[in-house]
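One structure coming up, written as structure tokens, with questions to follow.
Letters A, B, C and D mark the chains in the order given here, with residues in each chain numbered from 1 onward.
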Amino acid sequence: MIGSGVEHEARAEEVGRLLAERGCTVVTGGRGEVMAAAARGAKSAGGTTIGILPGSSHAEANEWIDYVVVTGVGPARNLAVAASGDAVIAVGGAWGTLSEISFAKMLGRPVVILEPGQEVVGVERAATPEDAVELVLSRAGGGA
Amino acid sequence: MIGSGVEHEARAEEVGRLLAERGCTVVTGGRGEVMAAAARGAKSAGGTTIGILPGSSHAEANEWIDYVVVTGVGPARNLAVAASGDAVIAVGGAWGTLSEISFAKMLGRPVVILEPGQEVVGVERAATPEDAVELVLSRAGGGA
Amino acid sequence: MIGSGVEHEARAEEVGRLLAERGCTVVTGGRGEVMAAAARGAKSAGGTTIGILPGSSHAEANEWIDYVVVTGVGPARNLAVAASGDAVIAVGGAWGTLSEISFAKMLGRPVVILEPGQEVVGVERAATPEDAVELVLSRAGGGA
Amino acid sequence: MIGSGVEHEARAEEVGRLLAERGCTVVTGGRGEVMAAAARGAKSAGGTTIGILPGSSHAEANEWIDYVVVTGVGPARNLAVAASGDAVIAVGGAWGTLSEISFAKMLGRPVVILEPGQEVVGVERAATPEDAVELVLSRAGGGA
């Protein structure tokens, strides 16, 4: 789950919850806003969360992360976030999110955009958290 | 200069030549197609070229690169390409190029798209190599 | 747990088992040899394992990895491996392992070497898997 | 040229000067202390210098760098520094330098240590800047 923007937190939390209910591990960038909301949603449904941080300290992680990965590679951790999922759902987001969408597509990971930061030709859209989760799971072959 | 696509090589070469004529060092991803074309154009005008490679071998560089930087970080070298210029011109390009545009914008580098891989809201467009070079130099404060 | 060398697999497996028995999550580079042995040991004791891969495919991971992190950054993933643990145990290893020891020390992570690839001034040594685990846990303040 | 430690600046400057006199481009991490000294030495002999920075701003570079590469990947830029030279001379240095020596050896780059941060088995030593430059050039096949 990638993205940013405080206005999208409710939908990100819903995506996290739905993914966890479907048995998916939720991988995010591990910090605040929608990343925290998605992890919080996953934990509310008893799911498992991984946070992949850009810096060199575990302390950057939000409190809903079960397993913290500290990459130390700055914004290049966006590549790791995009690559580590079997599929990617984007909720909102600015330039960092667009870099993650780009990497995910480059690596052949299915990507679905909910609440677009901007339209990206070649990336599917979903209208609701439910649709986003269904669509991305169908593209990932059932496991994400 | 970032981008990809063999159909864009003529324009990439022109961009490289124009940048060199304006005294700019041309930084690219160092490999083939438009990266090679831009470097070739820069060298035709007596310019200097830097190629920032993803792999771990100097041999990946095209023959028009003066200074080869071997990053070893795979697609994360796109961050280095985007960050190392004072400004960025994109010619064509697929997902890798979009990741570079994203990183350049995230870091506040001026970006101009010539021959878009796709429209990106918030990134300026230029219609010709001349326009792209003029526009990006004006955004970079005269030096790129 | 970092390191390499097929001759060290038995001790790596023992380290993985002991860490899991102490409640630690075992983080490795996710691939073969001692990385696989440590993860296998952890799973034999009911532990949890994370594998941080250099490439861009989940398929590189060994079968004992619970959570696969795909970094895409090549040998720079050694930084993520070193940084993600609360403490580091090195079992054997060549240059890649030495890079991980270096990064772990640079970031202030406690490091203990069991079966050194080479002596490193400023890094503690342990004679047995038991000693390595005790020592590293004491340095990490009880949690690793 | 890699390393750190203010007490080694005179020797680093001499290494930079000698490399430039031999026609080599001097690649460093681009910041202060021995990195600046080596670049200053190279410029005093009319050489060319490249600085490969960890952060995301050109402003981190010392004033003797001709071509600034901004990687954005934090300490993972040590991999790029190690990989970009045809050969590596280490002057002093702490853990970051040891990570660079490790990566250089892992990638098969010739490495010579002058003023060791610590002894590294399998890495050649030199007693003087002259010896270091001669030795590393002989290992690199004449060009570095």
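Here is the rule we go by: a contact is a pair of C-beta atoms (placed from the backbone, for glycine too) under 8 Å apart; a residue touches a chain by one contact, two chains touch by 3 or more.
Because the structure is predicted, anything quoted here is derived from the model rather than measured.
Residue numbering shows that subunit A and subunit B use the same positions for more than half of their mutual interface. Averaging C-alpha coordinates per chain and comparing to subunit D, the farthest chain turns out to be A. With rounding to the nearest 5, the Cα superposition of subunit A on subunit D corresponds to a rotation angle of 180 degrees. Of the two chain pairs considered here, B-C and B-D, the higher C-beta contact count falls to B-D. The mean-CA centres of subunit B and subunit C are about 39 angstrom from one another, to the nearest whole unit. Averaged C-alpha coordinates put the centre of subunit B at 27 Å from the centre of subunit D. Shown for subunit A are the residues that touch two or more other chains, namely 56, 72-76, 79, 103, 107.
Subunit C contributes residues 25, 48, 50, 52, 56, 58, 67-73, 76, 79-80, 83-84, 86, 103, 107 to its touches with subunit A in the complex.
The part of subunit A that touches subunit B in the complex is made up of residues 73-76, 79, 94-96, 98-99, 101-103, 105-107, 118-122. By the touch rule above, subunit C contacts subunit B in their complex via residues 55-56, 72-76.
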